[in-house]
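The structures considered in this document are given below.
Both complexes shown next keep chain A, but they swap its partner, so chain B is in the first and chain C is in the second.
Right, the complex of A and B next:
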């Protein structure tokens, strides 16, 4: 329910949005070009664009921007896949066997309030700052949603399906693979999407603190060289990759839900 | 289903884990204490930081410093986020106006603001408050917005028909009706605040729990790392509980949530 007597037309929506954007860019330009804010601290939008294109070809902090992005993404993919590969099966098993749930839940609850980023010192100590440490941070960020959603999905599967399968003599393993997994699939996908987002966040944090390559590392180097355009270019690259991951998984989620007649 | 059994299994699991931890680190030495501290080392480090202090202050001072920053950043963020969410939810024109800019900024993870915040504001408290603001702002806007849009039209129509003024409409209809979603947003905001603060303090800080973690990491002092993590966990838990209590007070008509 909104206050508008009539919702704005499509043209009005686009127009208002354009005005909003123009105002945003306008204030940015006015602040920087007028010299109220030194360009060293807030680069103009043009500076940022030029710097971004420069970084595409010229290396900074050991690599060009695309190479940094790729090296970040590689770590991210390992960490996220590991979280999904452990979290989803464990969640399903917890949904099937309540004794396992009783064992895991207190441990999980105890660790839940520790921010994934707080694992950074241990990650660096145990797995180094190359690829292992960041993977562990990504894992600790992406794991909880994968686990929780798989568990919830499995827990709320219609009892009749499970009972029917059991009555037909289906073994536990097959019940999980052929009844629980498909029935909780929409919930699992939703969990993967949330986990993917948190994992990407955690990657950025890990790279700011411990890594020796990647976009986050490039940004820290930019920060210590007081190269604000590099920092902002890094933020944009991170935003774009994060957005792409989210859009892709959202598509997948809609697709799955539609096939189940849920959307 | 029976809480008594669940409680029993939970206690047993924690006790068993603790025993395994103690045996592996202190008796058999399978896990090197250079990498993972023993319970005794943990206890001694906790005592050290509580009484003597570590990284220039006692645990209490570090914790208080972090807590202060989280509370300040969180309050500033929700003081701006909830009204913006209400406005965007109430008027589609306001939504159309703000949305493109919001969509532009939203994909940038709050942690990615840390280098910029340090460039702008240095390693002090202001930079931390800025990144916490970015972290806590987005969830509070989105959830407030969704909360307002989910209000049933006839409630607002009824209020309007009775001639409710704009101010009363916001205070007595919109906010109460949207408050379950608003509180969901606050919970997410609070979590994001802690994550961002710890990250920002790890990148560089003069005091706070993140600094304890950072110094302990550089000193290769695993027991102190663990104490720092435990402190982060306890504070995160305590502030979440506090928010849940406020939530229960604010909405007595709803059944309590865990």
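Right, the complex of A and C next:
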């Protein structure tokens, strides 16, 4: 038997992916329809699909599924953008000025291993059920990767670029904006991708304390109503939106790398 | 007036709490509009000399002056051409060349004119909007030279600028640099380990000892070049065939070889 050394074609890749998905759904179907797993523990794929279509048109927990997704995304966007807006510049400056790094690092390292969901009590205490709580939780998830990658990008920047800027008579501010920032961009965008992912994952936790709308809120309501199909529909929505966010950022990353001749 | 002066420059390096001498009493003068090549065995500190003139490093004792002023840090009066080009990969050819001028208050009209001039000088017409990664190594180094020339610096500091190029491209760039030196003479400190390159390009060649580096010998190529009329020959290989060239090259080779053999013990 000889090993097939050729990489699979695009059609093959898609085909194999479809096989994986079909297997997953098939096993799920078999387990639930046969009664091996009782339906109250795990809904069938058919129940979930039916419920998802219902939720698209009919409100549950105050809104339809698309509206829940939108209101989740709004909170998420604020939290993530805030994390990027603070984390990236701070990380860059920490990479450029070691004294700033020395000031920030102990506090940052002390806080960054605390899971976003651990902030829920304080988020509730400080912000109640307002939008501030979820933003704070998403922020706490998205912030560390944004900062760390910007820092690493700036800290390990090719010295040649900085020296070239210096010998061209470039001031500090312009060096940071026009040399350090673009030179660190591949690293920064990798950090944004990770941060975006963790931020989105923190969403359900963030919405445990929200009283009005959002996918997480919808799922919690589904749980109280013992509607497992609603919970799974929420999980699917989270998965799809998360994937879309990642695809978008990956595109941006590829675009930047291609312009640099790195890809 | 002398453009670049090294005045009893010493340099120590610290490692593991111990101090190592890297440069030992380097004294060298590059006159205005003179092209001096600095050759020496690897690790002798020739690049350190250039980095001191650029202001990236400071001497442990002694002084480095450019245009009569002690060097305290990097600046556009001393443009550097790096071995690894160090072009900004996110900027086009034109924007790379413009980068230094935009740090000064050069009026837009004049800036455009000077950039166009530098592009013409280095034969980069048609590549203005290209990005560095789309160019060959030789073309990238042309952009880096244009970026330095456009500043009209007091001194050009070239750190093995052709070291990363293949042999053919290297020859073309050497001819190009000789042409530039005729059209637009500049004060140049040129670091290389290629003896032929040094003899072909320089007015004077300074030979350094192995570490800790000292100036061992300075050879005046200019008078021989003029006496033997090297400039009649367009091509590098024709000049390199001349008896006077071979003689000089061999002399420098032997001088360097003593350093290497001594270094290996």
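Going forward, the second predicted complex is superposed on the first by the 235 of 263 C-alpha atoms of A that agree within 3 Å, B and C clash if a C-alpha of one lies under 4 Å from a C-alpha of the other, contacts with A are read in each partner's own complex, and residues count from 1 in each chain.
The rule is short, and it goes like this: a contact is a pair of C-beta atoms (placed from the backbone, for glycine too) under 8 Å apart; a residue touches a chain by one contact, two chains touch by 3 or more.
Please read all numbers here as calculations on a predicted model, not as lab measurements.
S.K.: So in the superposed three-chain picture, is A:223 touching just chain B, just chain C, both, or none of them (first/second/both/neither)?
M.R.: first
S.K.: Is A:57 touching the first partner chain B, the second partner chain C, both, or neither of them?
M.R.: Neither: A:57 stays clear of chain B and chain C.
S.K.: Can you tell me whether chain B or chain C touches more residues on chain A?
M.R.: Touching more of chain A: B.
S.K.: After superposition on the shared chain, which partner residues are touched by A:239: those of chain B (first), chain C (second), both, or neither?
M.R.: first
S.K.: So, does A:36 touch the first partner chain B, the second partner chain C, both, or neither?
M.R.: Neither: A:36 stays clear of chain B and chain C.
S.K.: Name the contact category of A:174: first (chain B only), second (chain C only), both, or neither.
M.R.: Only chain C is touched by A:174; chain B is not.
S.K.: So, A:259: does it touch chain B (first), chain C (second), both, or neither?
M.R.: In the superposition, A:259 contacts chain C only.
S.K.: Which partner chains sit in contact with A:182 here, chain B, chain C, both or neither? Use first/second/both/neither.
M.R.: second
S.K.: State the interface residues of chain A toward chain B in the complex, per the touch definition above.
M.R.: Interface residues on chain A, with respect to chain B: 1-4, 7-8, 12-14, 16-21, 24, 41-42, 98-99, 102-103, 105-107, 110-111, 113-122, 124-126, 200-201, 204-205, 208-209, 216, 219-220, 222-223, 226, 228, 231-232, 234-236, 238-240, 242-243, 246.
S.K.: Considering only the defined contacts, which chain B positions touch chain A in the complex?
M.R.: 1, 5-6, 9-11, 13-14, 17, 35, 89-93, 96-101, 104, 107-116, 118-120, 148-149, 151-153, 155-157, 191, 194-195, 198-199, 202-203, 213-214, 216-217, 220, 222, 225-226, 228-230, 232-234, 236-237, 240
S.K.: Residue numbers of chain A touching chain C in their complex, please.
M.R.: Answer in residue numbers: 158, 160-161, 163-171, 174, 178-179, 182-183, 185, 259-262.
S.K.: Spell out the residues on chain C that touch chain A in their complex, using ranges where they run on.
M.R.: Residue positions touching the partner: 54-56, 73-76, 78-80, 82, 84, 86-90, 99-100, 103-104, 131-134, 147, 151.
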